[in-house]
Amino acid sequence: MDGHVLSVEQLTVAFGGLTALDRVTFDVPHRSVVGLIGPNGAGKTTVFNAVSGVVRPREGTLRRHGRPLRRHRPHHLPRLGISRMLQGLGLFPGMTVLENVMVGADPLATGGLPGMLTGLGRAPRDERRVRERAEAALHEFGVADTAHALPGTLPYGVQKRVALARACVCSPELLLLDEPASGLAADEVSELAERVRGMRAHGSVLLVEHHMDLVMRVCDRVVVLDFGRVIADGTPDEVRADPAVERAYLGPPEGDGDLLAPDGPEEARDGR
Amino acid sequence: TGAGQTGEGAEADLDVSTGVTDDTVTIGAHMPLTGPAAPGYSQISVGAQAVYDFVNANGGVHGRTIEYLAEDDAYDPTRTVEVTRELVHQDEIFAMVGGLGTPTHSKVVDFLNTEGVPDLFPSSGALMWNDPEKYPLTYGYQVDYTKESKILGEYISEEFEDAKVGYLLQNDDVGVDSQRGLDMYLQDQAVSVEHYESGAEDLSAQIAGLEREGAEVVVCACIPNYVALGLLESARIGYEPQFITSSIGGDTVTLRGLLSSFAEQAGSGGDPDDFLNGLMTLGYLPPVELGGDDPWVAFLRGVYDEYGGDAPLSNTTVYGMVQAVQFVRALEAAGEDPTRASLIEALESLEPGGPGLVPFSSTGEDRGGYAGGFITRYEDGELEMVRDPAVTDNAEGDIEPAEVDRPLPEDIGPLAQG
Amino acid sequence: MAPTHRAPASDARPDTAGPAKAATATRAGRRPALGHPLLRHGLWALAALAAVALLTAATGPVTDLRVADVGLHLLAVAGLQLLVGTSGQVSLGHGAFMFVGAYTMALLVVNLPAVPLAAGMAAACAAGCLAGLAVGAATARLHGPYLAGATLMLAVGLPAVALRFPDLLGGANGLAFTAIGAPPALSGLVDDTQWRALVVWTVALIGLVVLATATRGRLGRHLRALRDDPTAAALSGIPVGRARVTAFVISAGAGSLAGACQAYVLGTATPSTYALTLSLVLLAALVLGGLGSLWGAFWAALAIVYVEVAGTELAHALELDTDVRNNLPVVFFGAVLIIIVLAWPRGVHGALSALGRHRSTPSQTGDS
Amino acid sequence: MEHFANLTLNGLATGAVYAALALSLVLIYQATRVLNFAQPAFALVSAYLAYAVTAATGSYWAGFAAALAAGALLGAATERLLVRPLRNASPLSPIIATLGLLMVLQGAVGMVWGNEPLSFAYPLDYRGRFSPADAFALASVLLVALALFALYRFTPAGLRMRAAAIRPEAARLSGVRVGAVLASAWALASAIGALAGMLAAPPFLTPNAFDLVFVFAIAAAVAGGLENPFGAVAGGLAVGVLLSYVTGYAGPELTALAALVVLLTVLALKPDGLFSRAAARKV
Amino acid sequence: MAADPALRAASAPPALRTEGLTVHYGAVRALDTVDLEVAPGALHAVLGANGAGKTTFLRAASGLHPPRSGRVLLFGEDVTGAPAEELVRRGLLHVPEGGGVLTELTVEENLRLGGLVRRGRAARAAALGEVYDLFEPLRERRTRSASSLSGGERQMLAIGRALMAGPRVILLDEPSLGLAPLITRRIMHLLQDLRSRTGLTVVLVEQNARTALRASDRAHVLDQGAVATEGPSADLLGDPRVRAAYLGL
């Protein structure tokens, strides 16, 4: 058993004539934050989809702790210790915040169908445990006071945290975050950065993000995709300095009459 | 105890006059007034109501007017059970008269008998109404499907000796019981049996099947809709067998109405009789085509003109009217102060004659109602009797000529007063 | 950074994305459970049964029959509620499962009269679950109108089985029988119809307790999750296909049990009873009653039985031409349906609970 | 062999009717994502009106025109008064409202014209294995499908219609007058429904005459895929022929069961109907 | 800067002006008497924290959500209460939060839909070409269903669709959401370019204050539905109090 929570080897995914991923290879080491960046349509979400069993790769292998993952389905993720936050949040609009997070905690329950139908056996204990875990997660993410609201009525930032709470409630070993910072204000992004860094204590994070500030701040490693291919893989600083990355993704660092040119050292890495 | 192990119910008390007040007698019926099965039946209750209105207008029966509650069951047995219970428990009818349909009425016949409600003249030719052992309070009306098809079968086997015969049957007890009777005589001649589901809109596959087998005579045990559809479809593909229908489909007035739009298109002068000429049908009631030649037709037409609806008087209307007449006769015979028991007694003593052209049996062991029929051939609005009235049973028994002593309308008290 | 804005306490944003989204969030999470759920639901059920007993004792056989009718439709619609309201699968063929139950019951009573009633009910329920398993598995990949179309065909096609096997199933005439009435020991106390109403309600309430427990617990949560967003549900560990089939099985079991009750009460099982109209009426009543709550099923059952009655009585009360009178109940039912759906898009239950909230807090209705 | 040919021709003729009604269902589904249960009622009212107009004027075609006009009017009015107010409710609500409308209209027809069958003429001579009337039915349905397909694929109106259906708000932000577009889509669809009514009504018309036609039309629309008018036509004709074979070779009681089995098989292979495009990306 | 908005504003009526705009969601007041004026050809930013009411402001201005009180004027004309589709015909385009692409249509159909309000086949074809030039990935995926697009590609499609209509005023709700830095910059450049070439007026809602303030001429800052402060963007960016209190910088 090697130390990699996830190894992606020669992953190739195609949709019809379009090759979305082309022999992508990288690792997510234990207790680390790996950033996955690249232009729009580069295939970042597709990597997540392959890892979570939503799309079947044409070629290549995924390994968890060295053991290959084959023909797994999305609903196997919690069992595999993987958890994913969707790009569009994917909260259940007809359920309260607490229930949303309880769904995330349900894999903790062990009872079977008879118990669910009759409320007998392990069911009440399961229910209590799931609820307690969910409530704890809500507290942890600072959204406990919205437990009984419907997500649609909440500000976007709060919804984000609910989605994050749902993804983290089972303490996954590998957390897949798809653009968690989009739509968040600057202070919220900082807070998010803290959290992501804190997650290293329990497990690993694979982070897709266009918010360069966040990526540079929290990632141990950064993998850059372009047109479905890995064009760079290294520490944040290495990647930043890579001219290919600059050409494909970041754009010229210094503005020549560029309205968006960074103006201060502490903001130097803000790409937005 | 098991769910199906029911003990003998207590004998219901018949010495009651539930539903009878000083000046009214309330009776009920269930029938499809709406839904897919409704077409074709609405004239029955219109006819019955016309007779009751006439009787009521002329002083009623022993001074009591008849209140007739025709409830809609949409031909759904579940609804039949419900409306029947409402009629019995809530409206407290004296008797059920003319509950319509085999699948429907068969679900309440037990109930009516255990509740002690006389169950008169169900509008159905099923064999089960004639079962005094099991249903002592039930009295049939319509000639049963097997009896009539025996008569038809014998006629065909005699008159169309070497012809290939095809059956066109409704896919329920009508078809099953009819086929039994037909097969007794036509086993060797039958080349094709086609069915249709009631509610279907199309008979093209069936008619094509009959044509393919070369059937020269087609017997229909169908309601008028499907007889008309069959005639039309045959005309469409240029197939010209001899059509012969059982009593339920032989209402030529209705058939003429159904076919009225197509004669013109057929391009032959524009008369629906072009489709109907030559059609043979079995009957037991006086057909309206007899007109003034028949005292009962004349009388019923008078009643209908005054109390009926806008639709032309059809043989279906006559069916309902005769049903009502028979009930009025029984009620009159039940005496000044009718009880359910006296109604049953009256039925048992009812003269076998009536408006019909064949004997009507409501006594002793045979409560089958009309016991046979005659066959006519239609030609330009006229009917020619091709087989005189005959009676038979629904088993192996022979077919015998019928003698019937028909009372005139004025012989019947409540009808005579008019 | 605590959120600066408090969420409005009341309605969800109107959202038309998923089916049955108008369903309210259930109160599953709201307050700590009052004891064991089974105990709580059981107490409710006992109280309801007592109320039914009192009601039937005070009224005549016609009302008894209607009470029984309400009970069995309540069970059927509650099963449909789980499928449509909770799991978001729109079925237009629930009547087919009632058909299965009714015929199972009828066949047992006719052919094996010695089998006890409870065993008959259990067999009907099992047969329904099997049918639900088959249908659910065959339609698990379908969504929206495709599922609706397939189940619609089921409602039309399945009763034809009775026509195919006339010797066993009685063809178009169906089966008629008399099932056991009140036990002799109680013959002075309750009459047969009353007894049957009580049996129906006992079965219905047992079914409701199971449905309520299932809806409130983990299963219900899973079904609501996959209703709202199947992809997110799958990624949260819910086996979407299996959960969908489970919903079908439970719902079919309830529908079948309701059909068995109907056959038991009326002593008949006939194909024309289980025509498409029944399935459509069940679904329409469900929407009218309110999606997402068992109370909705209750209003639905009341509507199924009593709107019909009201229409008929209206027709009798008015002096009308025959054609008008005959068709009035149908028009009346349709009009009630339209008016309620327009006036209360979330059904009677939705309207009543909004009223309740309106009383306790100032108006906060959602805007579009 | 001849029998087979006969059954096929008969099936095509009835299939044309299913196809016409399926087309109108597809169009409305495209426009508002509603399965319109009132569609057979529109067809019914139109056909009865046509009957009355034909009786009054003596001209079949005057009745035909009246039917199409009545259908269009009914459709537009329904969209405006029943469906639009429910656009923010659960997607089931408008479906149930149209179901209510079906009951009301069916009952109303019974109230006005009674429940007894009326004798309803064919547009053209109906005699022959494949009569002028059959040809008319088939040709008009194919023509309508072709026109609809062109409308969807190639005209701005079709694009607006689809956009208005899918995301009304986004469509409005592209300048689409969603209300007007939807009302006209309903009007068009219901005029096609009225055409279906005119084709289905002969020979006998009753208030429930279109119940089964409607069921099979839904089966046809779903089997063909609700996205494509040709799907509806292919589905309709296939259902018609299938039912004809089943009736002719196996027995009429099996038609519904056979339709169920075939529909389930088709959907098992293609869950979005035969003519569906590839499934949409979900994440 | 190409044109001096202040100069133009003196001669022409403001491109967009709201007076006392107030919007309620049920009993909740989401927008409270917002006054705002955007000169023709200006690039105007509207900033604020999550839930401040930025989206609500745009929805009210574009006719998607009728305000409870207040007025909206487009080039001096009162358009309060006019439905969104009418405003589109008058040149006011709104790119909603999250884009609102029609996922059931193909990429090109989405774009064609946007161009329908434009007169003339040639003009539409030209506009289509321009949009494809701008967003190359869309050209490659023109026949694909929009549902297959990645998040960022969808955002491009939404903006492209609005441009197809030939807007005079464009309201952008968080256009940078989910876009790669390079593309974000390109869009900002594009907006600059369009306004100097065609006099396009832009109202830009951004979560990310710095980007928006850099790109814009003037800005409003909303807080809890009301205008907290406003002024030239450079001033706001330079004001430490504003930065701390409202912009989280």
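The chains carry the letters A, B, C, D and E, assigned in the order they are written, with residues numbered from 1 in each.
Here is the rule we go by: a contact is a pair of C-beta atoms (placed from the backbone, for glycine too) under 8 Å apart; a residue touches a chain by one contact, two chains touch by 3 or more.
Note that the structure is predicted; figures quoted are calculated from it, not measured.
**Student:** Farthest chain from chain C, comparing Cα centres?
**Tutor:** Comparing chain centres, E lies farthest from chain C.
**Student:** Determine, using the mean of C-alpha atoms as each chain's centre, which chain is farthest from chain D.
**Tutor:** Measuring from the centre of chain D, the most distant chain centre belongs to A.
**Student:** If you tally the C-beta contacts, which comes out ahead, A-E or C-D?
**Tutor:** C-D
**Student:** Indicate the whole-number Å distance between the mean C-alpha point of chain B and the mean C-alpha point of chain C.
**Tutor:** Those two chain centres are 39 Å apart.
**Student:** Report the inter-chain centroid distance for chain D and chain E in whole angstrom, where each centroid is the mean of the CA atoms.
**Tutor:** Their C-alpha centroids are separated by 43 Å.
**Student:** Report the inter-centroid distance (CA atoms only) between chain A and chain B in whole Å.
**Tutor:** Taking the mean C-alpha position of each chain, the two centres sit 76 Å apart.
**Student:** In angstrom, rounded to a whole number, how far apart do the mean CA points of chain B and chain D lie?
**Tutor:** So the centre of chain B lies 38 Å away from the centre of chain D.
**Student:** Please list all residues of chain C that touch 2 or more other chains.
**Tutor:** Expected reply: 3-5, 8, 11, 20-21, 23, 163, 231, 235, 326-327, 329-330.
**Student:** For chain B, give me the residues that contact two or more of the other chains.
**Tutor:** Those would be 33-35, 38, 42, 171, 197.
**Student:** When you check chain A against every other chain, which residues touch at least two of them?
**Tutor:** 45, 54, 86-87, 90, 155, 157-158, 187-188
**Student:** In their shared complex, at which residues does chain D touch chain E?
**Tutor:** By the definition above, chain D touches chain E via 156, 159-160, 162-163, 166-167, 169-178, 277-278, 280-281.
**Student:** Within their complex, state which residues of chain E touch chain D.
**Tutor:** Residues of chain E touching chain D: 62, 64, 83-85, 88-89, 93-96, 100-105, 109, 112-114, 116-117, 145, 147-149, 161-162, 165.
**Student:** Can you list the chain B residues touching chain C in their complex?
**Tutor:** Contact set of chain B toward chain C: 1-7, 33-35, 37-38, 42, 46, 71-72, 75-78, 81-82, 85-86, 89-90, 102-103, 106-107, 110-111, 171-173, 176, 197-198, 309.
**Student:** Where on chain A is chain C touching in the complex?
**Tutor:** My answer: residues 52, 54, 73-79, 84, 86, 90-96, 98-99, 102-104, 106-107, 109, 111, 113, 116-120, 123-124, 126-127, 130-131, 142, 146-150, 152-155, 157-158, 166, 187-188, 191.
**Student:** Across the complex, what residues on chain D touch chain B?
**Tutor:** Chain D reaches chain B through residues 2-3, 6-7, 10, 13-14, 107, 110, 114-117, 119-122, 125-129, 131, 200, 202-204, 206-209, 211-213, 244, 247-248, 251-253, 255.
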